[in-house]
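See the structures that follow.
Look for subunit A in each of the two complexes below; its partner is subunit B in the first and subunit C in the second.
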Partner chain A sequence: MAELLIKNACVIDPINRINGEMMDIAVRDGMIVESVGPAAAVIDAGGALTLPGGIDSHTHICGTKVNFGRYMSPEDMRAGRTTRRGEMHATSGYSVPTCYGNSYRYSAMGYTTVLEGAMAPIGARHTHEEFAHTPLQDAMANVLFDGNWGIMQAIRDGDQDRVAAIVAWTLAAAKGFAIKLTNPGGTEAWGWGKNITCINDRVPYFEVTPTEIIRSMIRANESLNLPHSVHLHCNNLGTPGNYACTLGTFDLVPDLNDKRQTLYATHVQFHSYGGSTWKDFCSKSEEIARSLNAKPQIVIDMGQVMFGKTTTMTADGPMEFNLYRLHHNKWSNHDVELETGSGVVPVTYRRSNLVNSVMWAIGLELALLARNPWQCILTTDNPNGAPFVKYPEIIGLLMSQKYRSKIFATVHPQTEHRTPLQAIDRELDWYEIAVMTRAAQAKALGIIDLGKGHLGPGAIADIAIYPIQIKDIDPSKEYEQVIRAFQQTNYTIKGGNVVSRNGYCTGTSHNTTYWVKPEVPAALDLDHDPEFEKYFQLYTVRKSNYIVQERALHLNRCIETEASL
Partner chain B sequence: MKLMMNSGRTVKQGEQLYYKESREYSEQTSLCFIHPFDLFRLGIEGSENVEIETPSGKTVFKTVASEDVFPGDIFLPCGPYTNFILPPKTHSTGAPDFKTLQVEIRPTEKEPLSAWDLLEAEGGARYDGPSEGCPTRSPDGETKIQDVVCPLCGCLCDDIELTIRDNRIVACDNGCTLSNAKFLATNRLISPIKKVDGRWERIGYDEAIKYTADVLRTAERPLLFGWSGTHGEAQCIGVSIAELIGGTIDNCSSECHGPSIMAIQEVGHPGCTLGQVRNRADVIVYWGANPIAAHPRHMSRYSTYPDGFFLDNSFRDRTVIVFDVRKSETAKVADEFVQIKSGGDYAVFSALRAIVRGKEEIIPETVAGVSREELIRIAKILLGARFGAFFTGIGLTQSRGKYKNVRNAVELVDELSRHTKYTLTPMRGHWNVYGTNQTFTYMTGYPYAVDFSHGVAYFNPGETSAIDMLSKKEVDACVIIGSDPGAHFPRACNEHLATIPTIVIDPFPIMSTAIATMHIPVAETGVDAEGTAYRMDAIPLWVKKVMEPTQPDDAEVLRRIYDAIKEAM
Partner chain C sequence: MMTVHLEVKKRKNPYIPIEADEIIPKNFINKDQELFVWRGNRKVPLEEVFLKRIEGTASYAKEIEIVITGESGRIKRVGEYMDAGAILIEGDIGMHCGNFMSGGTIEIRGDADAWLGREMTGGTIVCRGNAGDYCGSGYRGEKKGMRGGTVEVFGDAGDFTAEALAGGTIVVHGNAGDLCGAEMKGGALVIHGNASRVCGNMSGGTCTVYGTVADMLPTFAYVGTTEDPDSRTALTEFAGDVANRGKGRLLVHSFIRA
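So, the complex of A and B:
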């Protein structure tokens, strides 16, 4: 029986509505409990800010396209190298670090749970192998359904039960966690070198629209009682004027779940653009935030852009080709049969570039204009907007208008005419930051009941202690101290074990993969469905080899749900 | 007489990959395919012996008259004979000149040596004891196992059906001739062996593992090479060993598609999974690749012959174009064959790019032996595709220009993508060579040739690639696993391996056994060991265990070596 007592912690735990109370936290066998015995090991937090372990609800750290980002960019690998040290392995990479690099850097920042934002089911085994080599975080993966032939055919046939059946079977086969739609319909169109411009275009051959795909998948998601909602990367990412498409998409979303949102819209910064060309490109964050504020059924994440070099990677193949034609750097693409696509393009966001400066402003505006922090999650869509190691700087920007103004003075001078950022004086507080970096993620992902994202008795003991005394600090002025504190914890504790101490990562953490297995009525079980067998012959792998066996996974936790079908 | 040498796969050579001790392997890899006109000039008729010489050495081959080879060229099957005369120079790419190498050829009275003779000439000692049989265990009676993944080439066909009886595989259905040969091979090595005074002695696993750990721990410039013939889990442990001892870990890519990876690192890779090609492609291009010999079911499963969802009549509606320096088996079944002069691929890519860009007028009368008219006609076919797929082989990576050839191929695909849909897929050779790139990359950041001697992972093909390190005699200890450099590395590398502690980890006696100091046999992945492999299009598949092992697998042997090193440190 391993016991630990964290004394003198200044706790912010939004799920339990605790805001800056000095308290002790008791841990037994990896879980938070009411109290422990006198023999418990003691950590004296000394009044330092203590939060539940950080959760990234949209990041790209493991799998085929992530690894391609590494493989094609030795220059990025050289830009972030560390040697083997104690129990820590050597790492490489700046914007796309190796598995160990991701794991150590997230852990040093207090993160204990990550969600890989996009996994093609046929490549799921690869993602799980990388999860196994990401030792200091629990992990889960979104499964891509944006161009799934079986689903598009079922939607065309008006067979909603079959849509749900295919989702259920595929999630369990891929050992995935949630439904991801990336540019729904657009990735299939890209199989012919074409794209979808907005939600009412028809997908070539399949003749369904993104509107129909999104609506049907939301229904399937809720009928399968999945923990998370549909996780959507809207159509038309990254083009001037795309905000109208985003607003249209938001208008499609009913409010179907009283525990969480019905739609998670990811990296919305990339979808909040006005103008008709790059010449009159401008921010439409106010319109997007207005829509969000009126729709509690939607949660977004920022997709903040930060200046510097990074690597873009997404299932949105056509978008990456367009990006390549703007940047002329190098271009990788990987279309996935019957399912989706993907692309990888390295980029540099420059302050001297007006478009990049406006993009930087939009992400911040969304976070500052969203009234409810539970509805706007802090991300960079790592590494698309910036590598996740930039999160502390983003926290600094959100907490300090002074810091924003200081950076604003260095960006393209036209930016002030294209964005409302300088007119916003809101500064987020510690509680709101705690919501936006862990609590809102736990709620949005539907994992509070699994003990994630909070510090109440019964929770998994994932805890981050940051070297900062919040009572003594004015983040509005002393933002540099805030940034430093969030860059490196004193202690990161995962499952009751100290996994990182002052940036030095130690030991392992029984890192666990979370996946869902929806139980459907026998008539909808596709394991022995002759039509589905026939459909599978369109793949180049056998159905039996497509399924990721549970024993091929690292430690894992299956979330069984019962479908309402 | 001076001729241009190209070496590559043949079907017969491929069938003998797991029977290298056999006379047939020696016979099939000592052939020399030559145009009758050149034979005539040599004063030879039909099948006679010739001595082929380069600045690195000479040996005897047997001629085969072949009109498929351009006059002025010769084609040699890859293997120990070709490599006996191959200079180790890689032009800082990691891959030597397996192709477009000028050689001197003359008739001779001498007979070809055997493969073992060649390895002994390189400083080794043959291991040609009688077959020791098969260490696998099957259930009683006869068992059929379906959907087995074939561990032979990068196609990773997953529809093989095996019949198992009496502790061995007795039948292999759906597989190609190479697959059959591998699954039915039984001449495994049963116990570890150690070379003592030039003779082989049996030892136990404990001693073998301790020896290997001691050698690696005390070496100053250890190299861990191979990995394409084992599963991902073993590869990851290999990386951890390299990190622990400050060694270099490299895989077979460095001599095959390493230059493709260098090109991808310059310009990227517009690719797709093979099902995209199967269901959509109406134009298929094989360039410097001969799938009929090296990936026998590639055309029937993925590209040319299978039903495609978006094609009415798949076979009739697809156009197959082959670009090659010789009329390969694949060229013979293609709709279009474009024969390029050896070393001329780069120029032909450039010409096609120019035509696609609308600059027909700058194309000269001929480009590397291809007429202007033909180039324009082919470019029209390419542009007329709804979905076009390029498959590029080691004809591009191992010939003059190396990675720049592949770069130009990617840039042609980029150019075509502005008009219609195009993708490109390198024809990865070993079943899990792409897996080595995947695991090495997520573990270290780099796909091959990773040097940990400075503590950090450092990658520089040409410097940290196996052939370069061995030919410069930097390496002072080597582990060979899942590959056979004895058959596939230039002579100078093997000569160096024969002078240092070299440990082979492999289920079968192989050519490298001869130049090793120790051989540790292991269970064979796909037969009595299991793990992940990556197809040539990055699809990960679980390679099954179909019988019970009596030997440890690669992962277990490596884990024990890792633990022994760590304990002694």
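So, the complex of A and C:
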């Protein structure tokens, strides 16, 4: 029986409505308990800010496209080298680091749980292998359904039960966690040399629209009682004027779940653009935030852009082709058989570039204009907007108008005519930051009941202690101290074990992969469905090899849900 | 002037690779500076792998010559980021010799392994024996290979010689392997012997093959015949790679279509 007592912690735990209380946290066998015995090991937090372990609800750190980003950019691999130290493996890479690089850097920042934002089911095995080598975080993966032939066919046939059945089978086969739609229908259209410009265009051959795909997948998601909602990357990413498409998409979303949102819209910064060309490109964050504020059934994440080098990677193949035509940089594009696609392009976001400056402003505006921090999650869509190591700087920008003005003075001078950022004086407080970096994620992913994202008795003991005394500091002025504190914890504790101490990580953690297995009525079980078998004649692998066996996973926890079908 | 003699000590397991990117002239200006190499996954003092003997003194890198003797065929990254001075390798040298080099000279009396002079920007490399694959190329995923300087190989060179060459000159006196000059963007590649499938997707620069090109790519446009002023041999000139709207020049003595 391993016991640990964290004394004198200044705790913010939004899920339990604790805001800056000095308290002790007791841990037994990896779980938080009411109290421990006198023999427990003691960590004296000395009044330092103590939060539940950070959760990234949308990041790209494991899987085939991440690996492609690694090997097409030797310059990126050279940019972030660290040597072996104690139990820490050598790492390399800056925007697309090695698995250990991602894991150590997240851990040093207090993150204990990550969700890989896009896993093609046929590439799932690779993602799970990389999860196994991301030792300091629990992991889960969104499964890409945006161009799934079986689903589009079922939608066209009006067979909603079959849509749910394919989702259920595929989630369990890929050992995935949630439904991801990336530019729904668009990547399939790209296979025909086309794209989808908005939600009412038709996908070639399948003749369904993104509207139909989104509506049907939301219904399937809720009928399978999945922990997370549909996780959507809207159509038409990164094009001037796309905000109208985003608003139209938000209007499609009913409120179907009283525990969480019905739609998680990811990296909304990239979908909040006004104007008709890059010349009159401008921010439409106010319109998007107004829609969000009126729709509690939607949660977004920021997809903040930060200046510097990074790598873009997404299942949105046509978007990456447009990006390639803009930059003429290296480009990779993949067609992923009967389900999706992907593209990877390295980019540099520059302050001297007006478009990049406006993008930077939009992400911040969304976070500052969203009234409810539970509805706006802090992300960069790592590494698309910036590598996740920039999160502390984003926290600094959200907490300090002074810091925002300082950076604003260095961006393209036209930015003030294109964005409302300088007129927003809101400064987020510690509690709101705690919501946006862990609590809102736990709620949105539906993992509070699994003991994630809070510090109440019964929770998994994932705890981050940051070297900062929040009572003695004014974040609006002393933003540099805030940034430094969020860059490196004193202690990151995962499952009751200290996994990172002042940036020095240990290799031991019982990192667990969470996956979902929906139970459907026997009539909808596709395991022996001859029609469903036919798809596998078109794949390059057999059905038996397509399925990721449970034994191929590292430590894992299966979440069984009972479908209401 | 200073001469640094580095003799590779007898090794119990010569198959463990050694990375020795600290072996460049400027690191020896201060004779007492501690230098390290990587043996497998362990960082060890230079003296654990080499017997070091220094003659003379120097105030600038250009006054320093490093002479490497012994079994150096598995020692990698010698001369990486070298900017001045000289390195003489009596025997063979391992992979990535002269990576990113910007000045000075490296002479290899034996063979060089793969990636000789990778992404170098200046200076001179002379290899008396054979060079491995990817001589003067860019690393996998790199947009540009060698950007300046000269590499001269007296023996044969391997596959992908001068891949993505962007500047400088590579001369191979023997034969070169498959897919040489692929993705060439600039500079000059001269092959005195034979090669195959040269210059695929070339966009700029000049490649001259005095021997025979096997499996000549069909995406080069015939320009005419010229006489080479130096060797007085007739060469057929092509432009391409037309598949890439390339503006490169490819001159060959003879070729066989695939």
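Heads up, the rule we're going with is that the second predicted complex is superposed on the first by the 564 of 565 C-alpha atoms of A that agree within 3 Å, B and C clash if a C-alpha of one lies under 4 Å from a C-alpha of the other, contacts with A are read in each partner's own complex, and residues count from 1 in each chain.
One rule holds for everything that comes next: a contact is a pair of C-beta atoms (placed from the backbone, for glycine too) under 8 Å apart; a residue touches a chain by one contact, two chains touch by 3 or more.
Bear in mind that the values here come from a model prediction, so they are computed numbers and not experimental data.
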Key: Overlay on subunit A: subunit C relative to subunit B, clash or fit   = clash
Request  = For A:V541, decide between first (touching subunit B), second (touching subunit C), both and neither.
outcome  = first
Task = Between subunit B and subunit C, point out the one touching more subunit A residues.
result = B
Request  = Report for A:D161: first if it touches subunit B alone, second if subunit C alone, otherwise both or neither.
outcome  = neither
Query = Touching A:G123, do we find subunit B (first), subunit C (second), both, or neither?
reply = first
Query = Can A:E287 be said to touch subunit B (first), subunit C (second), both, or neither?
reply = neither
Query = Should A:K330 be classified as contacting the first partner (subunit B), the second (subunit C), both, or neither?
reply = both
Inquiry  = Between subunit B and subunit C, whom does A:S73 touch in the aligned arrangement: first, second, both, or neither?
reply    = both
Task = Mind working out whether A:R84 is in touch with subunit B, subunit C, both or neither, as first, second, both or neither?
result = both
Query = Of the stretches 1-9, 37-45, 55-63 or 145-153, which one of subunit C hits subunit B?
reply = 37-45
Task = Across the two complexes, find the residues of subunit A that touch subunit B and also touch subunit C.
result = 71-74, 83-84, 90, 330
Ask   = Can you name the residues of subunit A that touch subunit B in the complex?
value = 62, 64, 67-68, 70-74, 77, 81-84, 89-93, 97-101, 122-123, 125-126, 129-130, 133, 191-193, 205, 321, 324, 330-338, 344-345, 538-542, 544-545, 549, 552
Inquiry  = Quick check on the complex: what are the subunit A residues that touch subunit C?
reply    = 71-75, 83-84, 90, 329-330
Key: In the complex, subunit C residues that touch subunit A   = 41, 43, 139-143
Residue ranges of subunit B touching subunit A (in the complex, touch as defined) = 146-147, 149, 158-159, 232, 236, 240, 243-244, 261, 264-276, 278-280, 301-302, 309-310, 386-387, 414, 417, 420-423, 437-439, 441-447, 452, 454-457, 459, 532, 534, 538-542
